[in-house]
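Notes follow the structure.
Labels run A, B and C following the written order; every chain starts at residue 1.
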Amino acid sequence: MSSATSSTTHGSAVQRWLAPIVWLSLLLLLTLGMGHLEWLFRLLEPDLRQVIYRRADFLTLLGQHVLVVGIASLLAVALGVAAAVAVTREFGRDFLPLVSQLASIGQTFPPVAVLALAVPALGFGTLPIIVALLLYGLLPIVRNTLAGIGSIDPQVHEAARAMGMTPWQVLRQVELPLAAPFILAGIRTSVTINIATAALGTTVGASNLGDPIISGIVNGNTAYIVQGAVLIGLLALAVDSLFERLQRRG
Amino acid sequence: MIELFDVTKRFGDETAVDGISLRVEKGELCALVGTSGCGKSTTLRMINRLIEHDGGEIHLDGQPVRSFDEVALRRRIGYVIQSTGLFPHWTVARNIGLVPRLLKWPKGKVRDRVEELMQLLGLPVAEFADKYPRQLSGGQAQRVGVARALAADPDILLMDEPFGALDPITRATLQDELRVLQARLHKTVVFVTHDMDEALALADRLVVMHQGRIVQQGSPVELLREPANPFVESLLGGMDRGLKEAALIQVSEHMLPLGPRLLASERIPYGASLSQALSVMLWHRVDRLTVVDEEDIPIGELSLRRLLGAKAA
Amino acid sequence: MGETRQSPNWVLSSLMLAATAAWLTLDAVSVAPNRIVPGTPYAALEVVGGWPALLMAVPMLAVVVLAWRPNRKGLTLSLGVVMALLALLPLWLAAATAVLVTPDMPQARVGIGSALWLLLFLLLLVLIELRTRLGMSRALGWLLLVPMLLGWWLALSLWLEPLALLREYHARSDQFASAVQQHLALVGAAVGASLVVASLLVLAMRRHTGVRRVGFGVLNFLQTIPSLALFGLLLAPLAWLGARVDWLAALGVSGIGWAPAFLALLGYSLLPMVRNIFVALEEVDPAVIESARGMGMARRQVFLQVRLPLALPVVLEGVRITTVQAIGLTAVAALIGAGGLGTFIFQGLGQAAMDMVLLGALPIIGLALVADALIGALSERLRPGGAA
């Protein structure tokens, strides 16, 4: 083993997770301590009365954003992977072409439009946003899981059955681990899109990190906008770099 | 012991296997040979129920295969395929230990068994245990495949063109090793191949199939000497049958002890086949060879006349 | 004809059964005397004694039966039935409108109920399934929608005046037209500009590995930032710029409007565009390049006559992805005053006027689907040796 490889496996635990840790820490610091930067924002908007968004606590907004995206994503992963698995089994094979086509076509729909359509159907509030995020988030996950399972050499599949693995064992020990990198990539895409779409929450009656931005746009308060944008940007970067590291590890 | 009684398999309108009856004794290596599409792979896969037979009966040691739970059945049978089917995300050691783990063997026992098999198959443990299938050569990968099939010490081994994807040298090496292994382990083996030389080299019993039916079965020598029809005759080599039969006989079986005469100048190892001896005689344009052992010490002599009189047992 | 026995098509049967159930149980239309009062819902069976509805249910069940033994004849018949049903739906709606809207309701508004939406959705799914099973090409698949579109066009122009959605449109038709124009202009400009910029970037990247790493790094970073945030962040600098530099202000560069939207769209479009162009140029079969060089073509000739044409389909794929993405992002840009169809969505949400929301959302989806289909078809056409 060359010394180069051993040095990257040693200090690497902290080194590898450095990027997500940095983004996450910045995010938390700013969420909790935005008030301390009032002087900075005064420079930006010297004439306005209020420069720090105070209609709601940043921590609460962050929490609500994470909650909405989190719930929708968890459900999307559970349902998406289950659906893709079901459709690649013997009993579900009939539905494979349709599901596959739907997952492709669905991704052409702009997420904003899906969010907008959820309101006439479900009203205002947190529910339509979760449903819209869930529906839209399903697509990359289903597509990627199908691709992952489809990428497995059928001979490997046959060997697994021939060795005496039950169908469930084949799924759990062979198919899912081999499809995992694809699935992870799908989840990463899904969550990133969801963080962005959820920001429009105020327009449908759910409050989260998009509020200061929209409020800032409406009221012409650039400081608000920057606060919201920076926080949501940091959230997106933290989550995305976290997934990136997870993908590298696999 | 494996028995097939009038077994049939249809796919839609096509009959892939048409009423074949076969018996493989315990410890015997039975080779199924034939051209593509003759039903040999299908027959193989009906034994471990990867494919369900439509008609007839398949018995293992007297019991119908249908009476066993199919998963339990497969864990008792070793299966080797051409592309190995090794799990790409598992190390060599983990791949080999698959069936023992499925059978819930204690960890220590699994580890010991994996090491034992790796040594048996010529894969040094320290070097290969933690490698991944993509890091192996074709020959190494197939050794792992065979090790995996033998891991739970099954009585029966099913092999579907296992060496078909390998280069000729590796193929010959693995064939020899399989022969040695089989001499040691005496598994009941059903071996599918379209390579007649391979079948002749390895089989105790040879079964020729064509279009879903068995055309002839018997020992290799029987089929060589008494082919049932021109098809079998040409499959077994046509005009080359003489050489093929000679390939089955070892020099040591027909050499004469060293006599008072001067030693022949050209040598042949005692383990070589008569066809190789003939080739050496042709090459050097001689009609006598000195037979030597591993240390190159003369132990006998072989003449062309003696060779011509030799018959396989 | 030697028909092999086939198993029933469960997809078709389950979808059509669901469609029939929805049609016969849920509300199909709602009629309100004016804009303010909520509408009275009617199930399909309640309209004109339900006979038209039942008549339409018969072919639906017929498809369920046909799905039991799905041979080619049966599937083609089902396809015809489904296409007819899709074309009949707007006509049924027109008939229902004529019956339910009495002359004493001049301001009446008709809303489409969940039964109709669901039926539309399920029938489209069935169409997709049939198209796949019959092995029809993509182009032919789009043609299948023509009868339906004709039906809607006919109904909308002649008999569906009280339809809420239509009333909304008529009330704002000028605004709608300019919104569509703004939307298309912004998307076109952004995609066009990104094509140019991306091409230049890729050429630089292919020469220098450093540029490649930094370039992809920056673009990936940009792509991760939520669009709303980026739009918002560009407002201040552009406002500042517009205030300071006169000729920019004359062009319309200011804190709101098209400038920040265009810049952000450009930024978002660059990553898929750069990635696709880069891959397209890199992945041309090296054997082809080598043989071209071997025959004595100069570097530039190889590039222009071999690499570029072979890379074109992949580049078009990039254009397709970018365009669809841009259509969606432009909708969000409505929030910063860039105009476009997004304005209807957000105004509608603000006023809780669902029909206005639909007026914005449906055309956006339609635009995205059409752009995707057209550019996708072009890309397929340009693939060397025909479609892959």
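Just so we're on the same page, a contact is a pair of C-beta atoms (placed from the backbone, for glycine too) under 8 Å apart; a residue touches a chain by one contact, two chains touch by 3 or more.
None of these values were measured; they are calculated from a predicted model.
Top-ranked chain pair, ordered by C-beta pairs in contact, is A-C. Chain centres defined as mean CA positions place A nearest to the mean of all protein CA atoms.
Inter-chain spacing, taken between the CA centroids of subunit A and subunit C, is 23 Å. Averaging C-alpha coordinates per chain places the centre of subunit A 54 Å away from that of subunit B.
The distance from the centre of subunit B to the centre of subunit C, each centre being the mean of the chain's C-alpha atoms, comes to 60 Å. Contacts from subunit A toward subunit C in the complex involve residues 44, 94-95, 97-98, 101-102, 105, 108-113, 116-117, 119-120, 124, 192, 195-196, 199-200, 203-204, 210, 213-214, 216-217, 222, 225-226, 228-230, 232-233, 236-237, 240. On the side of subunit B, the complex with subunit A involves touching residues 48, 50, 71-76, 79, 81, 83-89, 98-99, 102, 148. Touching subunit B in their complex are the following residues of subunit A: 153, 155-156, 158-166, 169, 174, 177-178.
Contact residues of subunit C toward subunit A in the complex are 9-11, 125, 128-129, 132-133, 221, 224-230, 232-233, 235-236, 239, 256, 324, 327-329, 331-332, 335-336, 342, 345-346, 348-350, 352, 354, 357-358, 360-362, 364-365, 368-369, 372.
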